[in-house]
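Below are structures written as structure tokens.
Next, two complexes with subunit A in common: one pairs it with subunit B, the other with subunit C.
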Partner chain A sequence: MMSKRLPGRPSSLRLPRPPAVALVCLGLFLLCCLFVPRFASFGNLENVLRVAAILCIVACGQAIVIILGGIEFSFGASVALASVVTVMALPAAGPIAGLAAGGATVIGVGAVNGWLVGRMGLPPVIATLGTLMIASGTAAWLVGGLPLDAPPSAAFSWPARGRVLGIPVPILAAMLACVVLHGLLAYGRIGRLWYHVGANPLAARLAGIDVARIILLGYAAAGAFCAVGAIILTSRVASGQPALAPNLPFETIAACAIGGLPLSGGRGHVLQVVFGVLTVAMLNNAVVLINLPVAWQLVLLGLAVLAAVGLQKDWAALKRLAGRATR
Partner chain B sequence: MRPLSDSGARFLVAPASILAASALFGLATPGFLTLDNGLSIAGQIWILALLAVGQMFAITVRGFDISVGAVAALSGTLGVMAANAFGMPALLLAVPVGFACGTVNGWLVGRAGFQPIVATLGTLLAVKGLALLVTGDGQAVPLAAGDTAGLAFDAVIGLPPLGWAALACIALAHVLLRHLVLGRRILMLGSNPEAVALVGGAPWRIEMSAYQLCGAFAGLAGALMAARAGAGLPTEGAGMELQSIAAAVIGGTALAGGRANVWAVLAGAAFVQVVLTGLNLSGVSPFFAQIAVGAVIIASGLMDMGLRFLLSRLSRTFRQQGTFQ
Partner chain C sequence: MPASDEALLATGIAKTYGATCALRDARLALRRGRVHALLGENGAGKSTLVKILVGAVTPDSGRLELGGVPAAFGSVTQAIRAGIVPIHQHLSLFPELSVHENLSAFALSGGGGLWAGRRLVDPSRARGWLAEVGLEVDLAAPLGTLSLGERQLVEVARALSLDCRVLVLDEPTAALNAGEADRLFAVVRRLCANGTAALFISHRFDEIEALADDVTVLRDGRTVIDAAPIGRHSRETLTHAMLGAGVEAGPERLCARAEPVLAGRGFAGRGDTDITVHAGEIVGLAGLIGSGALALAAWLAGAQAGAGELSVAGHGFTPGDRRRAAALGIAYVPADRHVEGLFAPLSARRNVSISALGRFARLGWLRTSEEAERIDPLLRRLKLHPSRPEAEAATFSGGNQQKLLIARCLALPGLKAMVLLEPTRGVDVAARGVIHDAIREAAASGVAVLVATSDLDELMVLAHRYLVVRDNRLAAELPQDAPRAALLSALSGSIAA
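Moving on, here comes the complex of A and B:
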């Protein structure tokens, strides 16, 4: 049996010794400052952080799912569905309840995914791709495929445009999300169980853990992080858009992969997520500033994912491969 | 005698689902159960069928290929560009392009040890971006070399000529999977990777071949898509990877690997098309069809789990000899 209090922190939390992603991130930042025109201006950096903030909040959710050994593709669609639900609920319920309804939708989709993966034993790809289709179909169906404008109000636009002590709300929310995630992973009982289940589900079950419940809670918690992102995004676009953030799942998975979370699960630290997110946001920003076609964002993102995962494989194996290839 | 539980049941799900869906839609919509509609469905399934057969190879070696839709879009577009430059036959350049993408996937998964999802997600993003880049800004590239609409739509003995061509390719896939060494090895790798090494095969090479086949079929699907539309569509194919996975899994391809039947996968593709056409004829919103596809994917996954559970129950009474079929 597991004892109630375990000494020390789970080893899965330890960062890899040279935090490679931090160096990559810093290097990219310096490169961008030197070679990308207008990158290093205050306005642009704030803009990068704003974009990174939403990505970071959702990536925190993705990180939980990845630590559980899963993968979550339905974030983009559930954010779109949330925006539609929010705007449809606005006239009747007012901004706060409307946004809450949108957030609840995302958590609901996450919980369904968790149920399908945990209880029904579906592979995460199948479950989340299925709910992706269902959620985006429902979003488009509700509004007939066209964006629905929201009546402007101060409370409604606060999550995206408000400032607290001069700091934009999305950036504050992202910091808060990181702190909460770190708290859950490092100090929470549930976080330790997520690592346990992700590292070895069979062992977890043999240790008497209700694996299905832990997975369900993990996907629902991921949904909760994504819900915060959905509220900020909806508030920013001030409309219900059935095609709001189609690349969100890809970008969050890429951020986690670039940050060095192994997609086989069981390990991960919140700082890896943060640096991964910053890298993705800077790449996207640089592509726009250099005036390359936006499609380069996709190409670079894909290559970055492959490169990052490739570099995670131990260097010895890479060297062996290179040796064989040259022979 | 091989017990039914060993292989038969899972491959009967797709035909049974077609019958059930046809009966349902036949009751709900008067125009559904007509010969014309049947032929129209039969003319439309081939893009999905080719993608699903390719996906089947990837699933059989315990993987996934979520890049097939993007690969089809890129290879179809490049095929059209080649056809415009060098004449009609060059449209088939789509196949080597797809094969090349499959090679990248296969190398990453088989040799470099990437998880299939990560590898194909990376290529999905890169290939999607490339398809947009080669066309400037995602503009459709019209096929100037010749008119392919006749080949793609006018039925000759029931099917349009390109449908017959696709059927021939699918028959080839069946021969490959059932009767050639490579196909047997792919099935073997799916059911027991160690066994492949023990009989002297190179597991990574076989895994790579499976992804190469998947890519080549995606390329074929891209060529067919371009011929049907009369243009290369760089943004087409989003969502096709989901439909292809659904069709392959409904067609009895085991998610745990090692079990597949090409004809059942073809039936799975036909089932997805029957559902889409049926919903279309019933006059529901086209967005509802998307919801239905999502439900079909999840249902197919649940079916696979249910079958595995049931068959493992049943097969305890029969002593199974071979594990791969």
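Moving on, here comes the complex of A and C:
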């Protein structure tokens, strides 16, 4: 007798069933609506999405690196460096070229990481920690330690404050980032190879794949996503800050982990990233609205990561037990 | 059977995992002083039954008796305490610790918590156990400095630290060469002479005939031959019992030799190693472990760097440039499926299509429907079971995972040569037949095939000629109709059997 559920699990691109993170995210949303004052207002929800947008774009990049079996710590520092580069380039190059220069900086840092990990064979933690420190130090050195203000201009503030068809640009950009990431992962040749390299780099090499190149392109693509986030963030703060987003790598890793991406690589779906990001953004927002000290954001985030990863493990075990009990 | 010499009796054992029924009604009766072989193709329930015996898995139903007394084990530790000691195919020792510390692991595993690791068993007892397995090594030597065969003997010696009543040997020879295996067998026989019962799991008939007294065959979760003396059954009847189907025939003769396809010269910096594989030919590369046969095959496929010149169909490539070799049409199946071959979290289809992604890509975008159309028929041809191309590779049995690697070879665009290392290691008889058929079909269509395997049975049914590797060089070439004895003596060098 065959049961309705056939043996075997879905492939890497399909969502795990049930999408645990989606339920957690929905549950958290309902809790916040019921118990957090002023959470369920239109203005606040738009604000949550606005914050989530930047996190989402950068988390898309982090997801690529995690699927590759790596991890990326340098995002925060390279975003800070990008803001400094942008503001320093503004007087000479104008807002568009300035922001582009900042974005290019982030892609460059990503490519260096990819080169260090792929060609030089350094462990991702060490490689990205090294570039984190170099980028962070360079940013502080360039501005002498103090934030550098940007002259106000409409073009410069458009990425953060502009609207298209009434929708804020950051939210549109995040939606676009998700679509692009999904396209790459599901239909891109390079995206397919990221899964292969993440699942088993040695097997990929023996199958005739240029593993170093795939890794380099992966980190560079991750840098490209992060670059979009850097442009929006620089536009929002309108200044070059050497300590702009120190928690960005940790928040993006947390979002991916909460979303259910295994850090061992080879698996991951864009919706997992989206729900993970929304969960993180709602938690951060709720902390502010309940009037808890902002420092609690990190404490809660840490707890959420541990709980999410722990629960995912337990759920797998529970499912197995349930499967046995019903037979 | 008299109860007095009954060591272990398992009856009516059943076990299901989710929707999969691993064991329906298994029976296993081991007698003291006898080696008992357990046979069955992958998926027959062999490994589940072994896991139940050693306490790693609890059965859904059935009865377990140890020496006539009902027994139930909640953990491997409990089973070991009761005298059922597993010797694993993946060694369960600690390479960084000394021989002495490894031997002490069982004796001291009760209590003491964190500090137990500092205590050791009496050296004279430890030496006594080593002497019993015929091993002369320094107790203080780190285990990692011993050969694999010696380590396995240390594992057996460790079993002596307990009142070992049943020794469970799960493919113990997978990593051993012939000499080491013989030594292990001698030790097992000696232990059995003292009244221990041994359960021996192996895919190799040679070994089973050499070592076992009795045999039990599982098929589809049921015992189909129950504790019969091994002499009562021929290989054919045993295979028939395992499969419930026909047996594989030998290779067809090659009519004429076609043009050379895969060529290599100067392996490991030696001028005298010159190897050529022709179109349509299956060359069997034989060698004991450590002979360099696997390394030579990997080198030919561009998977291993080193000195020498390589070419396929007249196009040269650098040793170690696997990417170029694949682009030139050399498919490759590495020896270690899990470490070097499989993408466990990816679907079966993706595991295969990796070698042919260029076929489905237009400007860097994949046409996934075309991918399915091209790859799925290949999976059907290789009888992938269950027939679910979307399922994760990790969920398939070893034999079906190996089919994925073979399919990956067959999918390679412009396939000219296949280099297969241990293509059916740890694979059940049914999958083995399917894989052999696929190899023969590929050769028949003009592909040059090199099979490197330590499995003589496999060579004899596949190869059109044999090349024997000893000490990193080609030592002999033998024709298709060479007798087994000639092959064996060529393998072992001057010390002919």
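Convention: the second predicted complex is superposed on the first by the 303 of 327 C-alpha atoms of A that agree within 3 Å, B and C clash if a C-alpha of one lies under 4 Å from a C-alpha of the other, contacts with A are read in each partner's own complex, and residues count from 1 in each chain.
Note that in this section a residue touches a chain if its C-beta (ideal position, glycine included) is under 8 Å from a C-beta of that chain, and two chains touch if they have at least 3 such contacts.
Everything quoted here is computed from the prediction, not taken from an experiment.
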{"item": "Which superposed partner A:146 touches (first subunit B, second subunit C, both, neither)", "value": "neither"}
{"item": "First (subunit B), second (subunit C), both or neither touched by A:290", "value": "neither"}
{"item": "Which of subunit B and subunit C A:203 touches, first, second, both or neither", "value": "second"}
{"item": "Contacts of A:192 with subunit B and subunit C, given as first, second, both or neither", "value": "second"}
{"item": "Subunit B versus subunit C as contact partner of A:309, first or second or both or neither", "value": "first"}
{"item": "Most subunit A residues touched (candidates subunit B, subunit C)", "value": "B"}
{"item": "Intersection of subunit A interface sets (partners subunit B, subunit C)", "value": "none"}
{"item": "Of all residues in subunit A, those that touch subunit B in their complex", "value": "71, 116, 120-123, 125-127, 129-138, 140-141, 144-145, 250, 253-254, 257, 263-264, 293-303, 305-306, 309-310, 313, 317, 321"}
{"item": "Subunit B residues touching subunit A - in the complex, by the definition given at the top", "value": "64, 66, 108, 111-115, 117-119, 121-130, 132-133, 136-138, 239, 242, 245, 249, 255, 285, 287-295, 297-298, 300-302, 305"}
{"item": "Contact set on subunit A toward subunit C in their complex", "value": "2-3, 5-12, 14, 186-190, 192-193, 195-196, 199-200, 202-210, 266-267, 320, 323-324, 327"}
{"item": "Subunit C residues within the subunit A interface of the complex", "value": "16-20, 303, 322-323, 325-327, 332, 334, 339-347, 349-350, 354-355, 357, 361, 364-366, 368, 386, 388, 390-392, 394-396, 408"}
